[in-house]
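The structure's right below; bear with me while I get my questions together.
Note that the chains take the letters A, B, C and D in the order they are written out, and that residue 1 is the start of every chain.
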Amino acid sequence: MNQLHEPTIIVWSQEMVRHTLPKRKQESHKGSFGTALLLAGGPVMPGAALLAGLAALRSGVGKLEIGTSRETIRSIAHRTAEATYIPDALQNIANGSMPFSHYRAIACGPGTLPDAVTEAAVDTLLTAETPLLLDAGALSKRRYPERTAPLILTPHTGEFERISGFTQEEILQFPASCAHSFALEHHAAVVLKGPSTIIALPDGRVFQNSTGNSALAKGGTGDTLTGMILGMLTCHVRYEHAILNAVFLHGACADEFIKTRSAHTMLAHEISELLPFVWKSYE
Amino acid sequence: MNQLHEPTIIVWSQEMVRHTLPKRKQESHKGSFGTALLLAGGPVMPGAALLAGLAALRSGVGKLEIGTSRETIRSIAHRTAEATYIPDALQNIANGSMPFSHYRAIACGPGTLPDAVTEAAVDTLLTAETPLLLDAGALSKRRYPERTAPLILTPHTGEFERISGFTQEEILQFPASCAHSFALEHHAAVVLKGPSTIIALPDGRVFQNSTGNSALAKGGTGDTLTGMILGMLTCHVRYEHAILNAVFLHGACADEFIKTRSAHTMLAHEISELLPFVWKSYE
Amino acid sequence: MNQLHEPTIIVWSQEMVRHTLPKRKQESHKGSFGTALLLAGGPVMPGAALLAGLAALRSGVGKLEIGTSRETIRSIAHRTAEATYIPDALQNIANGSMPFSHYRAIACGPGTLPDAVTEAAVDTLLTAETPLLLDAGALSKRRYPERTAPLILTPHTGEFERISGFTQEEILQFPASCAHSFALEHHAAVVLKGPSTIIALPDGRVFQNSTGNSALAKGGTGDTLTGMILGMLTCHVRYEHAILNAVFLHGACADEFIKTRSAHTMLAHEISELLPFVWKSYE
Amino acid sequence: MNQLHEPTIIVWSQEMVRHTLPKRKQESHKGSFGTALLLAGGPVMPGAALLAGLAALRSGVGKLEIGTSRETIRSIAHRTAEATYIPDALQNIANGSMPFSHYRAIACGPGTLPDAVTEAAVDTLLTAETPLLLDAGALSKRRYPERTAPLILTPHTGEFERISGFTQEEILQFPASCAHSFALEHHAAVVLKGPSTIIALPDGRVFQNSTGNSALAKGGTGDTLTGMILGMLTCHVRYEHAILNAVFLHGACADEFIKTRSAHTMLAHEISELLPFVWKSYE
């Protein structure tokens, strides 16, 4: 690790959140925020599509389209009634039959299998100049093509080990340096998730989140974060603010939860239920 | 646009709402309000049927029947348990095998595809003397037959452009004039939706709504409005009051939402959840 | 109507409710309240099974089994997770292959079609000495066999016309007399539903309900009442108290609703949501 | 019963709960709590999987996998969106094709049929050194192999009669002695459920629960308890504390419920909804 540069770490503060959260303009209509595409869910993980979908809908999106299996649509559509659906979108993107360059932002991965279809879909998605977030099943060890639109990767420690080649020990001891180095090399924003999440940008800046608690240490909270970043991308002008504010508010909702409830008991979808109130408190 | 008459615009006020909201008579039973028919939803937009259905059930309906695909029934029936269902109603209306003149009011369009089946169904629906609301997938450029029962069209700007022949610029600059002219020509009530919704009646009167905010700039809010108008048609004596009060309360619910929550975070079904309290405040 | 005896009408009062509501004994277990069977729902009315099921579960039941179509089970099981299911129960009762004499109480009808299967099932159900409630699709013009267990019929005016031979005018003008006469003749408890529901017992007593309002004038509220009576039958010692208290609390929940919300907006399942608090207020 | 030793009974007190509830460490991640496996549900009892799943998710689990039928997954996945699913897990464990020794804890039985598949699956599960809870359909009369990992059985009186050979009279008159003797003989922790639940440990200690009321006397509350114990096993260091605290909090939630609501009206899933607040009050 001696070749790793020790980056300056900026703590993303309440003040910064207050200054960078967007105003929802009175004259806007749903088209003003564009359409976000969420590629998520699958036969054994339908819930991931639901959690990420709910979070995106709560995070400023204009319109949300969820590309998932028919089975998952059946399971979740009544809980994300405000979204519309694209059956088998991952397959159709993989085989080139589905256009996607018109989306304002795309997120792929929660609840999808890390298989050949997902790989091929990600290859295709990377060709478009659309802000793209890859998480969970869409995270693999690869090289990324040059693109001008933001690329955002949201691995937790284990996933970062898998995609970066760093050892778990290196990541745990030097999270900021590892994320920083990876972000620079791959021209990607890295959200290295953990008790204090690190956000490393491709321009070299490194941020640390200051919210969140162990109520988040439960399956599904990462899916919620992916949805929140996706939604925030559609209503923020600068993508880095979208990431930083999503990570901040995600943790702030968990902090709100444990004021009155045990940290052992939170469910990931409750982050999205608290978000309307918590977001308001920073406006 | 020089041929367009500049109409007088009446702002539909809180006072007017208070004076025109119906009393639900103590001696009434569900039959007193008749049965409303909602034709909505489909494979990729099941949520639209749910949103419109929930809104109709909350808006004074006696009985609600939802005509939609079997798949959509499966998806939503437990969220609109108070409704009953007609599988494949659109097809059956289109092919003339389903009677519908006994309904108190009919709404068609949220989440339906603008295809030949929908077109044929609308053609058939227009033959009956039943108040008829057309939205979304049921809005197309057409001529309407003469009828005595109210015809209500609820386009947003883009849809109005499609059905009216006016350019987007004309509509954005002279919304009231465009809606007015269209309403007169087609003997239809036009609800031209946007940040300040215009309601133009076939008798020449033009109203402007005074409620609502950018929390409504998100997919699904139009479906909720359609359901609200449908429900209100069954409990108001005059159809124009049904429209005006539905549009007003729809916006007022969103205004209530943002008192405590961020405008970025509202989901369309929450309008229906707030409606019981907001409606009460005007009684 | 001159042959009709004008019965004395007892208004079922708050005091009577307070004195007859059962105590749930500390030493009880679910078996103490037995198992109730609800036969309800079907392809186009799945919601009726949900509404009646929720209401039964909230009304003191020990265990609830819902006999309905497989499709309906799929639709509703997650909303009535505390119940278990019997697919195709109506058919199996009709063809004699399903035993049912072990149930504490049975209700049949909400959302079922008034067809030959239902008729045959009702014929079979009437042979057992189990408290039996017939509603909606299970109400038809018939003669009832002699039995010692309570038989309860819950028609609204239209249904009572159909099963009794009285004209609508007679029923509306002399509801208590009509119900009284029918109850005596058929040895059945008649719950003649309307703005002031009449409860006529086979022993000649006639009661009138004093709660409820026009928020109940909407599809589904009758299904909720059926479930409430079914549940109350399992926890009350005397079946007539079960009926009277169910009708009273059903109306009282609606009265609670409109304290803060418009009567136009209530959904039938909300009666069941208010019941825990309203019931408590009479204990 | 004269051969039965009268054991000393320790009442598990509020103080003991306060001292033994785990802290959720700030530095934890979902992996810190491991993955729990819930084998539950089936065609006629899908709700049991939902109730136990919700309860486990609320009880400190890191990740939850629910092994159930495909039909049940379809029914419940949107209510337990934070879990992932294993279709046909019971069959696959029974036929040896599914590994399970990596789970932190396993619970089997709510809503499963007491058939040959379940029996074979339980036989297989007993071979692994993983904390194992057997309930409902997984409880049968059998001998248990020697194992070092905890074995937990959660019968109610009727189920205990079936698996123990004690008569119902013996169990009702000497519950602690019966549970104690069974626990010693079978090296299992016995949770003998009833109005005052007895917890007998294989080391001879016997505890009595001091919370709970007749609101729990309704179908589904046992499924919720199973899920709570499963979840608590993953976040407690000592398995006996997991059991004792789960039983205590389960009853305490019911006690909280009846402060404002009638005991007749509680639904089992509401225990899980109250748990976050009730748990907090003991932290």
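The definition used in the following text is that contacts are C-beta pairs under 8 Å (C-beta built on N, C-alpha and C of every residue); 3 or more make two chains touch, one makes a residue touch a chain.
Source: prediction; values computed, not measured.
Greatest centre-to-centre distance from chain B is found for D, with centres as Cα means. In the contact between chain C and chain D, the residue numbers used by both copies make up under half of all numbers at that interface.
The mean-CA centres of chain A and chain C are about 50 angstrom from one another, to the nearest whole unit. Centre to centre, using the average C-alpha position, chain A and chain B are separated by 35 Å. Chain contacts: chain A has residues 74, 78 touching two or more partner chains. The list of touching chain pairs reads A-B, A-D, B-C, C-D. Across the complex, chain A is touched by residues 43-48, 50-51, 71, 74-76, 78-79, 156-158, 194-195, 213-215, 217-221, 257-258, 260-269 of chain B. Against chain B, in their complex, chain A makes its touches with residues 22, 24-33, 57-64, 73-74, 77-78, 80-87, 231, 235, 275-277, 279-280, 283.
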